[in-house]
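You will see chain A twice below: alongside chain B first, and alongside chain C after that.
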Partner chain A sequence: MKILLMGHPNVGKSVFFNRLTGAKVLESNYPGTTVDFTRGWMRLEGEEVELIDVPGTFSLEPKDRAEEVAVKMLAEHKDSVIVCVLDASKIERGLYLALEIIERGYPALVALNMWDAAEDKNITIDVEKLERILGVPVVPTTAISGEGVKELVSRIHEAAPVRIEKIIETAGGVRDAGGDERATVR
Partner chain B sequence: MEKKLSEMDFDEEGTVKEIEENLRVQVAGMGIRVGKGLRMATKQPIKGPVVVEVDRSFTSLGLGIAKKIVVAVE
Partner chain C sequence: MQEVTNVPLSVDERWDLIDKISKQTVEFGARKHTLKDAIAELTVKPLTGIPVAIAVIYGFWSFFCEFAGP
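== the complex of A and B ==
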């Protein structure tokens, strides 16, 4: 099994990677630090699994070199579990990417990272409801301090592919004729 | 009143009305979609980028992109 860390630039994927593998990948506080990908190994339920730190991408429609790498990596690892790392304070655009990944049929988990920063901004997220809508594990995390990381790891085995139609239905949204999904959370 | 996103004044608020077809997917990942409310946060001189606030977070857009987005302002 392989685990791919995917998400927007500057959401903390590399911090996660370092936490999980014990490696020392360069982290910085500006976006686009990871242009190439990094591989590492971690132990999961007594088994060695490969973890890949994918460069940040805004969507699965690549617009630059780093995004091309990200999309290619996803295509090359059809059998992996994807950890979608989101900035909890910018949740909507993060979910856009997460939904694109789920739509392509990958088993996924959502890490609502930078949870502390979201709290500072007075942003509250109904995690249970989000989990119910998406049908995949959703875990609030603060990778830099390690909060929630254990829970995330313990739930990796729960990740399973979800049909996008199911999510749209649960969210009470509509899919219009053009195939352009618009899920509205009420 | 409708105007291009690039023509919005500093601190002006508006709602996205139209996005050029080939640009839609690109800006959707940045949180900009038809119907979204936004605020002009910074405009840079000499054809520089604009920074807009969407959902309490900031996104910078090239002027070329900003010209292709139509916004309804009060």
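== the complex of A and C ==
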């Protein structure tokens, strides 16, 4: 099993990566590009698993070389668990990428990182409800202080692919471009 | 692990879903105004920002005049 850390640029993926991995870290360029990424290893339930710090991307429709690499890396690691690192103070933006990853059938977890910054901004997130709607583990974290990182690691095994219809149903339907409300997709 | 194949949502559908999710889960309280915010606001408004900029430049100038000579 491999674990991919994915999220927007500057949401703390690398801080997460440094917290989870030890000294065995390899930094290399993605073949044929100047975009670099980092690989490391961590112990998970007595097993050594590979952790990849994927270049930051805003969505899975790439707009630049780094985003292209992120999308390619995701496609190349079909058997991976994806940790979606979100900025807890700008959850909507991060959810777009998280939903794209879930839609593609990857087992995922959501780390609501920079939880302390969200608290400072007086933003309250109902984590339990968010977890119920998304159907994937959601853990508030502050990677820089290490808060929530252990809990996130302990819940990696709970990550499983989710049917998008289930999310739509729990969230209360979805409205398409034509303005039609529906509880299922197409 | 059980495999799941989802029909991808359109961009509009995805944003609408995010809107629905965030409305149910995120609450924005009144933002605490910190000293940092007050300073940031003072420096971006022209009426207060220009005097602040002049004060900072004067501060640097007088500091260097004091130690390195005019």
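The rule we apply is simple: the second predicted complex is superposed on the first by the 161 of 186 C-alpha atoms of A that agree within 3 Å, B and C clash if a C-alpha of one lies under 4 Å from a C-alpha of the other, contacts with A are read in each partner's own complex, and residues count from 1 in each chain.
Quick note on the criterion: a contact is a pair of C-beta atoms (placed from the backbone, for glycine too) under 8 Å apart; a residue touches a chain by one contact, two chains touch by 3 or more.
Here the structure is a predicted model, which means the values were calculated and not measured.
When the two complexes are overlaid on their common chain A, residue A:Gly173 makes contact with chain C while staying clear of chain B.
By the touch criterion defined above, A:Lys90 lies against chain B but remains apart from chain C after alignment on the C-alpha atoms of chain A.
In the superposition on chain A, contact is made by A:Ala160 with chain C only, not with chain B. For chain A, the partner with contacts to more residues, out of chain B and chain C, is C. In the superposed pair of complexes, A:Phe58 makes contact with chain B only, with no contact to chain C. Looking at the shared chain after the overlay, A:Pro107 reaches chain C, while chain B stays out of its contact range. Residues common to the contacts of chain A with chain B and with chain C across the two structures: 92, 96, 121, 123. By the touch criterion given at the top, residues 58-59, 61, 63, 87, 89-90, 92-93, 96-97, 121, 123 of chain A touch chain B in their complex. On the chain C side of its complex with chain A, the touching residues are 1-10, 12-22, 24-32, 34. In the complex of the two chains, the chain B residues touching chain A come out as 25-26, 28-31, 55-57. Of all residues in chain A, those touching chain C in their complex are 91-92, 95-96, 99-100, 102-105, 107, 120-127, 129-130, 133-134, 160-165, 167-168, 171-177, 185-186.
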